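Which chain is which? They are A, B and C, in the order written, and residues in each are numbered from 1.
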Amino acid sequence: MPPEYRDLVEQSTYGHEDRGWKDIGNSKELIEAHSLCAGCPESMAFRYILASLPNPEDTVMVGSTGCTSLVFPMVAVHNIHSLFGNQNAVASGLKRALTVRFPDRIKDVVVLAGDGATVDIGLDMTLQAWFRQEKFTTICFDNELYANTGGQESGLMRKGFVAKMAPTGKKFDKVRLPEIARESGCCYVVNLTVSKPSLVEKVIKNAVLLAREVGPTYIQLYTPCILEIGKNSMEGLQEMRDSEKPGERFNYKEYITDEAKQYLADLDAKKKSAVIPAAQLTE
Amino acid sequence: MANELSETQKSQIGKQNKKGQTYTDPNHLFFKAPRTAAFYTGSEVIKEAIRRASVDVMVAYPITPQSEAAALIGELYAEGYVADYMRGESEFAVMGQCAGAAFGGARVFTTTAGPGTMRAMENFPMWVGSRLPIQMIVTCRGINSPLSIQPDTLEMYFLLGTGMLMWHAETAQDFFDWMLMGYIVSEQPDVHLPLALCCDGFFVTHTKDTVMLTPPEMCLPPYDPYRSPVVCMDMESPPVRMMRDPFIMKSNYISYMTHASWQEETRAACERSRKHTIPLIGGLIETENVDAEILIVASGTAVSQGREAIRLLEDEGIRVGLVKVKSLRPFPFEELREATKNAKHIFVPEFNVIGWLATELKAALPDNHRIIAGPHVAGGMTMPAEVIVRKNSDLSGVFGYYAAGVS
Amino acid sequence: MQKEKYRVVAGPEAYFVPSAARMGIVLPEPGEAHIEGTIVPEEEAMEFAARKLIEAKNPTIHPGPLVLWNWNEKAAKKAKAIKILADAIPARMIPMADYRPKYPKINPEVEINPNHPNLTIWHNKEDVCLFVGVHCHMANLSLKIIRGGTSCFTIAMCAQAGHEDAMLSFRDATAEKILRLAEWVSKLKAAPSVRPAEKGTGDGAGRKSEKVFVK
């Protein structure tokens, strides 16, 4: 067997209760390699997310067409690409099938797609899955443009930004998807960058746990396309830090319903009480 | 022996589902179980077939003329015969939801029609490439502008190239039998393709007919996703590092070769369905009097009208044979060559403006000057048997020629 | 229209290989196998396959994910049987660990994969190979590509309905069936008429097969 499979058996973090971003570098990662540009913040985001999934051994991911789909073949979690923009429709069917087939077990479904897939071509299916209260997490890698096709305008692009297909600057505001998500029935919505791995870990864990029991969750992560905004490989982190300052587009923003808050508080309380074995926490 | 069950499926035979139905060996269910006559609309027949099909997930969306059938499956869900049921938001989304459920190892059912089929079109080659054995009923209706809800089979033309299995039902009885048989064929590991089971909207869906039903207390064995030719996406089967389906995007010969082989393999799977389909639906075509020099070759309700025309012509002393094309994908090349070898004139009546069946036949049969495309009707027009008789005579004088006893 | 029956033979066959199913080859029924597209009793194919494997310069087994992982009892039993077969021949084992395009490249000495722009089956030095435990769709892709571009004789030990795109295919494979093939290998090796070929490059089948990796 190729060495990466031996490593996966011997050193991966499947089944570890306390897995998290700090495993990166010590344990076998669930992402083997990536073919993204050097320094692409998306690659960091991918690693943090895969390290943070609470239950990767029973998680199926759904992606969409774009830069992310060049990474997904390397991911050691079953994942689906079918068409551009239909990810939340596929995830709806998938979650239902897994619920029918495994009624007594937890099977997490996590969507991870770019902003074009989530907000433009797939917006209908993104919103409808939330309206229907489909129990899975939607993660949007927001790089504010179509990266894989070469930097065209997207709905999440800033107003005024000059890009392909916006030759005189984008004419309308960045779509306020986090607010739309809140109004569409998501019980937990967070808008952030991937500059702080521990924060990403906490948010992803919350989102997946809440999607199991409470309702749909939405996470929008700024993963700037350094190539298309004219930055160098080393500048991705600074770009994210700059954009999360107060008043900026990716200043940390969280919406959570009372029910979701209560659910997380209950989980926390259970975790602190020693009588309950850790294994039951996520079940 | 075609149409085998897996060990897992065999172990289910004789057991009961939660509705008290008994998982029954398909061959017993289809050919030996007692049948009872019922007088039902086509939509009700779809419901009765699904009651017996052990379907896990059905995704519905309203579009005439399939809305009634899709809603009736909802009643089955409420009664507990279908494990999950939802209304999607558009046909594009519906077919994505079906794909998701099939990726997750469920037996999936959906219905669509006309503009819905067209809206969903991007999904069908994806279903095929991903080897998802979804069953989709297509109750054909007009797709042109101006909008029409009336029967018209033009949409089938667009499905012919998707790689799906495609059968064209003539009657509600075909429908009932083929829906159940369709799952058995399309879930075979060497086939594992989606099936578009087509019928002419309204003519089949909204008219009542006598249909011989299998006992409601018997149902198909459940789907076994672990003999699929591709990985079931449930994190229960290896390999774990698995993307359905990966991009092969390097710009070199072997990448293109992988894509080409992939497409070739899905078409090969369609070919392999022949041996499973033939014993179940009784051949890819059905023939009557093909020793006659004049033949009518048709599919769907055009077959029924052809039968009627043949009866009228018989009254005039003209003998005409009939070929009913049941399967369009796989296409019955050999069967059609054999059935038409004596024919001097082959008429192809169709419910669409372009005559796609005649085009297919012209490409498949030798001496294709024998093929007379038509008559055509479209946009919901009926096709009275007299039109077939008259048009043929007008066009070619053939019937007059034979009626005069010259041969 | 009646043409000569198509034969599934070792390539290199064509720039773009037609699938054997489209050329009219039909899969065997239970108890049967096929050799070059002709249906034969399973025992006949056993003998033929064993002879091919023994006489090969570089016989290679490609175990796929379904037998590389201990995901059910049958898989573990099959993996053990494959090891016995590989030792009996003796054959090299190059696994098809998964089906992903792997960047920047795969090492054909270590693994093969139909979705990879590098399906060179051990630098095209395999003359006889056997697929086992590969999902049918992926096996068919690989078998077509190999038939198109190489002269390798392909054998499929399929747990389902078999493969027309292999030059020889069994169906309904079980651990017992794999062991029966191993027995045929041992039996024929004892017979004076069947002689192993001169081994190719020295780093080929002569060396002991790698261990099947079971979780």
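What we mean here is this: a residue touches a chain if its C-beta (ideal position, glycine included) is under 8 Å from a C-beta of that chain, and two chains touch if they have at least 3 such contacts.
As the structure is a computational prediction, the values presented were derived from the model and not from experiment.
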item: Maximum centroid distance from chain B, chain identifier (CA atoms); value: A
item: Closest chain to the centre of mass proxy, which here is the mean CA position; value: B
item: Which of A-C and B-C has more C-beta pairs touching across its chains; value: B-C
item: Computed distance of Cα centres, chain C from chain A, in Å; value: 41
item: Chain B and chain C, separation of their C-alpha mean positions in angstrom; value: 36
item: Shared-contact residues (touching 2 or more other chains) in chain C; value: 68, 97, 100-101
item: Sequence positions of chain B contacting 2 or more other chains; value: 231, 241-243, 246-247, 249
item: Touching two or more other chains - residue numbers and ranges from chain A; value: 32, 73-74
item: Chain B-facing residues of chain A, complex; value: 8, 32, 57-60, 62-63, 69-70, 72-83, 86, 89-102, 107, 124-125, 128, 132
item: Sites on chain A touched by chain C in the complex; value: 1-2, 5-6, 9, 32-33, 35, 73-74
item: Residue ranges of chain B in contact with chain A within the complex; value: 56-57, 59, 83-84, 86, 88-90, 92-94, 96-106, 108, 122-123, 126, 130, 231, 233-235, 240-247, 249
item: Residue ranges of chain C touching chain A (in the complex, touch as defined); value: 68, 95, 97, 100-104, 107, 110-111, 213, 215
item: Residue numbers on chain C that touch chain B, as the complex places them; value: 1, 16-22, 26-27, 29-30, 65-66, 68-69, 71, 97-101, 114-119, 135-138, 140-141, 144-145, 148-149, 159-162, 164-165
